[in-house]
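Order of writing sets the chain letters: A, B, C, D and E. Residues in each chain are counted from 1.
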Amino acid sequence: MSFFIASSPHNHVRRNTQWVMQQVLLAMVPGVLAQVWIFGWGVLIQLAFAIVTAIVAESLFLAFRDKPIKPALRDNTAILTAALLAVSIPPLAPWWVIFIGVIFSIVVVKQVFGGVGQNIFNPAMAGYVLLLVSFPVQMTQWMPPAHLATFNLSFIDSLWLFFTQYTTDGFSVMQVTMVQLGQGIDAVSMATPLDHIRNQLSQGYTLSESLNSPIFGGLAGLGWQEVNMAYFLGGAYLVARRVITWHIPVALLGTLLVASGLGTTFAIDQLPGVNIHLLSGATMLGAFFIATDPVSAATSNKGKVIYAALIGVLVYVIRTWGGYPDAMAFAVLLANLCVPTIDYFSKPRPYGNVKAKESAE
Amino acid sequence: MASAIKIWSFPGGVHPPERKTLANQTATATTELPEKVYVPVKQHIGAEGQLLVQPGDTVLRGQALTQPGMSGGLPVHAPSSGTVINIAEHTSNHPSGIPTLTITIKLDGKHESIEFTAVENPLEQSPQELIKYIREAGIAGLGGAAYPTAQKLSQTQNTELLIINGVECEPYIVSDDRLMREHAEEIVSGITILQSALQAQQTIVAIEDNKPEAIQAMRQAIESASIEAAVAVVPTKYPSGGEKQLIQLLTGKEVPSNGYPSDMGILMQNVGTAYAIHEAIYLGKPLMERIVTLTGEALQKPGTVWALLGTPVSHLLDSASLQASSKQKVIIGGPMMGYTISDLEVPVVKSTNCILCPTESELPATGHEMACIRCGQCEQVCPASLLPQQLYWYAKASDHDALKQHHLKDCIECGACAYVCPSEIPLVHYYRKAKAEIREELIEQQKADIARQRFEARQARLEREKQARLEKHKKAAEARQAALAARAAAAEADPTEQSTADTAANNGEKQSKVAAAIARAKAKNAAQAESATAEDDKKARVAEAVARAKAKKAAQAESATAEDDKKARVAEAVARAKAKKAAQAESATPEDDKAKQSSQQSDNAEAEKKRRVAAAVARAKAKKAEQQKQQNSVTTSERGDSESS
Amino acid sequence: MIFKNMKKNGLILGAFALAATGLLVVTQFLTADRIEQQQRAELMGTLNTLIPEEMHSNDLFADCTLVTNPDVLGRSSPQPVYRARSTNGNTAIAIRTTAPNGYSGNIDMLVAINTNNKVMGVRVLQHRETPGLGDKIETRKSDWILSFTQQNIPAQESPRWEVRKDGGAFDQFTGATITPRAVINAVERTIIWANAQQESLFNAPSNCQQSGDSR
Amino acid sequence: MSEIKTLSKNGLWENNPALVQLLGLCPLLAVTTTVTNALGLGLATLLVLVGSNITVSLVREWVPNEIRIPVFVIVIATFVTMIELLMNAFAYSLYLSLGIFIPLIVTNCAIIGRAEAYASKNPWHLAAYDGLAMGLGFGGVLVLLGAVREIIGQGTLFDGAELLLGEWAAALRIEVIQFDYPLLLAILPPGAFIGLGFLIAIKNGIDRLHAAKQEKQAVTKATRARVTGQT
Amino acid sequence: MSLLTGVFVVSIIALVFGLVLGFAAVRFKVEGDPLVDQIDEILPQTQCGQCGYPGCRPYAEAIANGDEINKCPPGGEATIQKLSELTGKEAKPLDEAHGVEDVKKVAYIREDECIGCTKCIQACPVDAIMGANKQMHTVIADECTGCDLCVDPCPVDCIDMIPIPTKAERWKWDLESIPVNVDTAPAASRQVEGV
């Protein structure tokens, strides 16, 4: 009889890419649930639509490239990209926003660069940035959190809004939001907490004045803090299961913490504090789910720390002095650009190759 | 004492399931004698030895089948008594399965031995003597690399630290474990020989902490033998048994990338080697058998066995009752570094420490190779601190310069990177291929350099000849006179005598060369006799063929002990060339002396090559002379200048 | 050898430089007038959209004074003020002013008022607001800026002069409040101040040309 | 005649400065927000290219090798400055919108590249034609990229043509698509990079298709040299 | 006037730079062109002439003078790649007009048929064939470049180009090439004297 020939090693850990991506998707569940609870059905609708779009787009483009479709789809990376993008955009943004974003992420950022493992940028974040700079109006239209809303949109209404921009009763997104905001709430547009603070500070208000808005409560912005905590939970699960190492989240959050701590110390009442930075916007999502994307992050542990610290600093800098309210996407993309350099300078010293200096002694 | 040894650590490493209990629960068995054994002539790293037997010879257990040749090498011994039935290419115990020269012995079942004589008072022998005995016993590193032990010992000077490696970190394999449990005293006795041969200052026996019985046994043996040695218990982690990793674990130092442990005064030997040394010195037994782990869930009776070197793998697997499935793998070595074989008739060799037959569910085949996602896990487990993923990209792109820059040569192929890779990329396979390509490229480059030199030399020679011809036409009359003189001289020379005289100077090759020379002379005479009357090509060819056949027969008869056909042929060519040259009466030229001188220095390894060069020189000269003769012109004395190649 | 080569190269390169710069001087000489005319025409174009031809008989470009008032005009450097006079007397002024608190920094504008307490119009000259959001203050993108035209000038800061969301009379445009707020505030400050200072502004000497800053 | 054909083919397609040599990216990426801007800069570059090529070709006999680069730079800088002055005088509004990119033509590697690679080795009429072909190739890509970006980012074509061509050209403006929300990325700098990337990809794709069609050409065996003769 | 000052200053600067360049051009002149040597280093030195030049070095010179880099079948794609890196030319596929890439071979003379004409010896570019007139010839396999130039001149067609057999030490880990179930029956017994 003939025997099977293979190259060593013959045993293997049973944790392939598919499994890793599944785990990450699983860990997103608490965060997504929190978002649904706070921002309504729109989140789920965005998510489902994004995933379907991603799968279709990836299949079509792979077919166009004459590449096998099934193995590429099985690795779950397209689904993860779509999910990350979907939870990053406002829940009531019209369907074509997420559609364009997903197509761009999958086709241009991922496939055109050569598919999984070849993209230098995080596809979800590149897609997000495309949407943010192209459709700033839609991309900054966040609903107020459920706590403050005067009524809850039904699933059907959310669906209608998503596809037609009008509810079944014929109200537009604008009208819905205005009604939501009409009652007693400070007439800020649908600004996120970070957005609000920025606006207020730029108008010359102090931090404590801007924190008086009813959108704040607890540790940071209402709703946003819960979402961030939920993503933190999911992230902790990933670290515990060793799907990701602790380096990136700890370094990122640590840097952000130090930077915002210094900021509030030296500019009292002028800059938002640690609690706001850590629990607003995409901080936790970014630290555990986005910056940890293996493809576009640095590889060595040392490199990962440098990479994540860079993101932390950039997030703080862009949030404080940049042109857009939240900064995770820009920070991640900029850090992605630095990855080859970081990798180059964080190379480990191979066994037996003692540095010239040491050997000279 | 053991607690005094500081255990350091090395970067990376993995913890694959150990699965050692499959085979280490029972005492080592002895198998029935196989019908035939296949003894490959070369079972170690280095040159192969010279054959001492031929088909039809009867051999006894322990009889040497080869002896070290001029360029070193180790002997192999008959593991049992029987008849040599064949010496031919046989599938090798190598990942490639490429056939190698193998002595097949049909065993007679009597298991008769030669008389083994132990070394007397071994501890009072000089290190050189001990090393000589170890070499003659054919001992090579039994841990897996099969580097000749004697060579390793003689290369090491001022040994500060002797490490006896009983770590055995690969999953499944328990050969050393069982050996230490059952033969701790013999191992310790072997260690004393090593200490004596090396004058080592310190000795450490390293064992992984998952082998408590072996640790216990070794400690007791060391204590009762009261020798200067300590047992170091290292934590279980793969690949802590790798030479470089173990040195780092025990000393905290790294072996320099281009160096050897001996540069640091460290020498490492496997426990099995120590056992073999004991057998060789105290019992006089050469290396004829080794302990082999038969394991894997496809075997019904796993365990360890003493296997004669040369035993076909199929024989061992039959004894362990292999239940082969459709995608059955038979792995020589462990799951991390072992290789599969496709033909079970390959023999057990000195480096075969384990035969692993896993079921499909036990060690499933690697899945579809997916794209690298740059997760960096490979980098974290690499014990050599390399960048496996970068190496993978460069290997894929065949970027050899980048591979060298990223220290591919420091990769020990331990397989940790491929073990953890979530994309199931066979990384080690890529590295092996790249290493082979780089090696090939180097060989090609060297060949190209030689070819360039030869081509340029030839061009220069042609140019000189052209000049010489022009010169010659100018001085036609003068040249013709010289030609007459030369021809007269040629007539006086006795070719046979000349060639004998030449070869007599050559001590190493004397026999074969004389034989060849005689044959050649005969052939030449015959050819000349025939061709003198023959007019056309055909007749000449027939004559040549006849002469050739005669020469072959003669050579065959005389050169039974000649190392190989190549040498014989070269020798023959040399003789022939010389004979021809003598006929041309050019033996007085300085170049010829040179050729003679060079052929005298035949003791070392380079002699072979030099002789060939000399032969080529002579040949070229002869050829030239031949041409000149055809043109009915003369050889001038300047001709000799052209032989610079 | 070396000196010969040096001499040759030096002279050839020098000759080329001489010829090239000479050519440029000639071109510069020939186009200088035309360029100045063009620059003038450009500014006049904007001025004329705010202050129609029939409202003045003077040369707006030349009848210009520099005023430094960081609190109102948003810059610490002097800003030009153009005066329109017709045969019937003073008719209008156009002031260059800056809103310092746009979303991305300064927004430079030209604000024109007439002597009848009305705003003639506002135009944005230069800004760096977010494309797609804040850039609706350009006439090329949106008509929003025209909503200032013909507004009455209040005597002091008025709650009417706010975006609608802050309770004022001006629309904000979708997605952005900072930019319109900044523009409205700057325009309000400027017109109140200019209206009050009309007399002195009209009487100030024309001194724009000396500084060379024609824009 | 075939030289002219080769030059045209090189400049417009095979060795296109923008798509193949990737020269002059700075103006290419910065000004191609609209067709009008692209056309303006393309024309300016074309003029400089032809002018500098002719001049370099005419003086090539006189310029020693070691100072040829400074001389080329002087020639190009002079042409650019002249064009800037002329544009300032006669197309002021275009000058305003092309802004700082006109002086940057000096450092457009496509121009010095042609001076060095072609004009300094060939007679003036061929050099002029080479400049024309390269200029058209560069300008063509500029206009194409401008058109793509303008349509996607703004939904129009020839917006602001009057700045370049005079008042009558205002009529050229075409509203191609009416967007509520145009893809602003297209007219931002990253859009230029992505757009250029796609243009290059399309060009390579066409080349590959073309090559695939021609593949079935019979291979004519080349004669082998005998290294060794009969000596 | 300031414009004239500008003209003057620029001209002076140009003059000075011209002087400096003139000095540097003579003073720091570098002799020689090592490019040919570098190209020759890359070529496989088979001296086969398939490129159309008599030997590798002439082809190296031709490449340095602008010839195509894809005319060397023995070197194959690897050589084209390296030449492309060195010369900056585009790496085109091997020009089939000059032949196709093949496995490495050596010449082998069927000695029984050899008539000893020496024609192959004269044809061999690296003197890798030994033998004399009317004597059987032998190829020194280690020195043979596999150029096959000796094959054509042989009047009795006794020269074969045989692929170099792979040895275990030089095996390239090509798992596909492993023979499955090699016939273990005793093959032709080893001839000690040589085949």
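Methods note: a contact is a pair of C-beta atoms (placed from the backbone, for glycine too) under 8 Å apart; a residue touches a chain by one contact, two chains touch by 3 or more.
Computed from a predicted model, the values in this text were never measured in an experiment.
Taking the mean of each chain's C-alpha atoms as its centre, the chain lying closest to the overall protein C-alpha centroid is E.
Relative to chain C, the chain whose mean Cα position lies farthest away is B.
In terms of the distance between Cα centroids, chain D is separated most widely from B. Chain centres here are Cα means. That of chain A falls 58 Å from that of chain B. If you average the Cα atoms of chain A and of chain E, the two centres end up 55 Å apart. Between the Cα centres of chain A and chain C there is a gap of 42 Å. Chain geometry summary: the mean Cα position of chain C and that of chain E are 72 Å apart. Contacts with at least two other chains are made by residues 5, 8-9, 12-13, 16-17, 20-21, 28, 131-132 of chain C. Listed for chain E are residues 14, 17-18, 21-22, 25, 47, 55, 125, 173, 175, 178, 180-181, each touching two or more other chains. Multi-chain contact residues, meaning those touching two or more other chains, occur in chain A at positions 2, 5-7, 133-137. Residues 1-2, 5-14, 16-18, 20-22, 25, 28-29 of chain C touch chain E in their complex.
Listing the residues of chain C that touch chain D in their complex gives 5, 8-9, 12-13, 16-17, 20-21, 23-24, 27-28, 31, 34-35, 38-39, 41-42, 131-132.
Contacts from chain E toward chain D in the complex involve residues 14, 17-18, 21-22, 24-25, 47-55, 71, 95-98, 122-125, 147, 149. The residues of chain E lying in touch with chain A in their complex are 173, 175, 178, 180-181. Residues of chain D touching chain C in their complex: 59, 62-64, 66-67, 70-71, 74-75, 77-78, 81-82, 85-86, 88-90, 92-93, 96, 181-182, 184, 187-188.
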